[in-house]
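Should a chain be cited, it is by its letter among A, B, C, D, E and F, assigned in written order, with residues numbered from 1 in that chain.
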C-alpha cells in the first residue's frame, strides 16, 4: 500500500525551515501533499496563488510532491486523499506542546492517522512564517529566510 | 467555616476535561461556584445562556455546585461570595506557566485566596474549549469532547 | 468522611517552601500526614530523626499535622492510613512535568487517590532541599532557606 | 568604544519588573535607550506620550538613560544609534523560548548585535504589561504593579 | 533502497509505551532494529538476555522487527547496519528537549541520519522504564505498565 | 569601578559553545575570570590541569581573561575577587529553569551579584560537556565540538 502523507500549514510564506523538513522527510513517503489550509478567520499576508506558486517552484524537481489547498479539518482531507500520515517539523518545546495537542485530537477524530515529526535544523530553530511577515511589515528584508529563488519583495 | 471555591472560565463550551476536574475536586469543598466570566473583549461562540444551561445539566445531581456569571476581576467575585479557593485543572507545562502567573497575581490582589490545582486525566490533556470551537468552525463533529448528553449541533 | 492527605517527601531538610505550602493547604484537610519516605537507594544528608524533629518543631502548634516515616509506595501508605489526597507544591514547569507523571502513575495504581497542588510563593520558586544541601556542602550558611528556629549548623 | 544598549518594548505601561531589570543592568552600559516600538498593528492602551512621560519620571535621576520611540525593526534602530546590545529581562521559560527566537533572528539580521538578558526578581515573575491592562479593563487597581509615583487611574 | 530504522534504548524493561510507538511506526520502514545499548556506566535492573527475550516475545508476529544489542555510539551502529532512520517516541516537552539535543548531535556525527518521532499515546505519557523500576523497588506490582504477557515478578 | 565577571563551570572539557559565549560577552567586562569549580562529589573526566591548559590556549590572545580554579560557593569566590557579575550562556528552556534557580539563590546569598546571560549560537544549542564525554566514552571522535586546536584524544 502506498505511504501517503500530508504536510498541512498556511505557508504564508514557505520558509527555509519548511523546505528543509520536507526534503529530509520525503524519502519516507511515496507521495507527499503540501496542503495549504484556507482559514476564513485568519487574514492572508500573501495571496494563496502566490504561496502555491512559490512552493511549486521549490519542489519542481521532486516528483512525489504535490501542492494543494483545502478547507475543513485536516483529518477530513487525509481521509479523502487516503493519507495515513501527517508530517510536521519540531523546532521548540513550545512547538511540541502545541503539536502534541493537535496530534492527539487528530488521532481521536481519525484513529488511522499518525503524525510523524522530524527536527528542524538548528539554524532554523528561530524561524517561522510569522517572523518573516513581521520583518516585512517593519520594512526589513527577509529573503535570507525563504528558499533560494524566492523574492518576497517582487 | 465553609470551604467555598470558584472555578472560573469561559466554558465556551464546557468540555469533558472541565467535567472530570470539577467532579474529582468537588469533595474538597462545601460549595463550588462554576463562574462564567463575561469578557467584553472576546467574542462568544455559544451564547452565555446556552453555556450555563449545559453546565447546569452536567451537574444537576451535584447539590454543592452552582453556576453563575460575573463581570470584573475573579478575586473581586471571590471576595463578594466569600470564596477562599480558586480551582483550576492543569494539563500541560504551558498551562502551568500561565496559571502560575494568574495565581500569583490573584494572591497579590487578595492575599486570602489560594489557587488549588488538580491534574486533568491523561486522555483529556490535549483538549480545551478552543479546540472544540475549531473543530466546529471547520465543519467537524466535536460531541465526543463534551460531556455526555450535550449535542453541540443542536 | 474525614479528608485525609499525605504530603510525601524526603525533607532533607524541610525548607521555607515546604512550610509555606503546607500551612496554606492545611485548612483544606481534616488531617495531614507529612510523610518522610525511606529510600534505601539515596544517601541521607541529615538523619531521619533530625528531619522529623525539625518538622515537628515547625508544626507543633498545628493539631491536624502528624509527621510519619514510611517505606514502599506512597499509594500503599495512602491506602493504609485511608488518605484520599496527596498534597504537593508546584514551583516550575519542570516540577510540573515531573509531578504530573508521578500523579498519573499514582492514579493508575490507586484510582481513589487525587493529587492536589498549590503554588509555592514567588520568593521560594528557586528553593529546594537539594540546593540547601549544596550550599552546606560548599561551606555556606543556608539558615535563611529553612523555617525560623531551625539551625542547620547545630 | 562606548557600550550602547537598547531596551525595546511597548511599555504599555512600564511595570516594576521593567524598572528592576533596567536599574540592575544599567552599570553594564555607558548609555541605555529605552525604546518604545510604534506598532501599527497593535492598539495602544495608554497613549505613547503618557508612556514616555512615566518612564522619564522613573529614570529622571539616571543620566545614562534616554527614552525614545521608533518605527521599523529593532536592529535598524540599533544600527542607527550605534547600539551593539539589546537588553531584555527573563521571567519564565515561555519568555525564554520567545526571546531566544527574536534574539537569533536579530543576530541574522545584524551580526554585530548581542542580546543580554538578566533575570527579573522573583516577586515580578508573574508580572507583565498585559496583566496590568487586564486588571484595569476589569475595573481593578493595578498601581502596586507599576513603579512608585505612577498613578494609572490619574 | 530499503528503509532501515533503529529504535535505540535500554528497555529495562520494555513498556506499553515502547510497544505502542513501535507498532504504529512499523509500517513506515522495511526493517526496524530494536537495539539495546550496553552501557558500562549504568547498572542493569533486568539482565540483557531477559530484556531481549521479552521484546522478542512482544514482536514475535512482526517479521520486520529484529532485536539486537550494541556497544558504542548509536550512529556507528546505524552506519554498520545501513540504517538511515532513528525512531523515537515523544511523551513530554522535557523528552523533546532531550531528544532534540541527541538528534542534532547524531546529525553532526553522521549527516545521513534522520531521527523520526511519533507521539506516545496519551495514556502512556507518564510511563517510562525508570518508573516501572521504581515501583518494583518499592514492592509494587507494575505488570499493568508492560506489554501483555510479560510478568515482571516471574 | 571595574566591571569584573566570573564564568563558573566545570569545563570538562570546554566546548565550542563556551568559547562562543565567552568571546561575545567579553567586551562587556573589564575582566573575566573563567572559574573551574572543584567538586569533591563529581568524578572528573579530564584532570583539572588539562582543562585549565586548554582554556588558557583558547584565550591566550585575550588579555582580560584569566583562568582560575576554586572551591566553595561561587558567590564566595565573587566576593573575594570583587566580581559583581556572573556570566552564563543559555541554550534551552531546561537550561533557563536551572539557571534561574541558581541565579535567584545566588542573589539571596550575595545581593550585589547579577547574573548576565547571553544566547548560545543556534548551532551549539545541543552541545554541552556531558555530551562530549559521552561520545568519548562510546569510542567516538568529539573534536568537532571543542575549540580549534584542542585534540581530546591526545
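Keep this in mind: contacts are C-beta pairs under 8 Å (C-beta built on N, C-alpha and C of every residue); 3 or more make two chains touch, one makes a residue touch a chain.
A quick note: this is a predicted structure, and the numbers were derived from the prediction, not measured.
**Student:** More C-beta contacts across A-B or across D-F?
**Tutor:** Counting C-beta pairs in contact for A-B and D-F gives the edge to D-F.
**Student:** Pick from B-D, C-D or C-F: which pair repeats the contacts of B-E, with over half of them the same residue pairs?
**Tutor:** C-D
**Student:** Could you state the distance in Å from the CA-based centre of chain B to that of chain F?
**Tutor:** Result: the chain centres lie 46 Å from each other.
**Student:** Any idea how many Å lie between the Cα centroids of chain A and chain F?
**Tutor:** Whole-Å distance between the two chain centres: 39.
**Student:** How many Å are there between the centre of chain A and the centre of chain E, using C-alpha atoms for each centre?
**Tutor:** 29
**Student:** Among the residues of chain B, which are close enough to touch at least two other chains?
**Tutor:** Each of 92-94, 97, 100, 103-104, 122, 125-126 in chain B touches at least two other chains.
**Student:** Show me the residue ranges of chain A that touch chain F in the complex, using the header's touch definition.
**Tutor:** Those residues of chain A that touch chain F are 92-93, 122-123, 125-126.
**Student:** Which positions of chain A touch chain E when the two form their complex?
**Tutor:** Spelled out, the residues of chain A in touch with chain E are 3, 24-25, 27-28, 84-85, 90, 93-94, 96-97, 100, 103-104, 107, 114-119, 122.
**Student:** For chain F, which residues count as touching chain E in their complex?
**Tutor:** On the chain F side, the touching residues are 92-94, 125-128, 131, 135, 137-140, 144-145.
**Student:** In their complex, what parts of chain A are in touch with chain B?
**Tutor:** My answer: residues 40-41, 71-73, 75-76, 94, 97, 100-105, 108-109.
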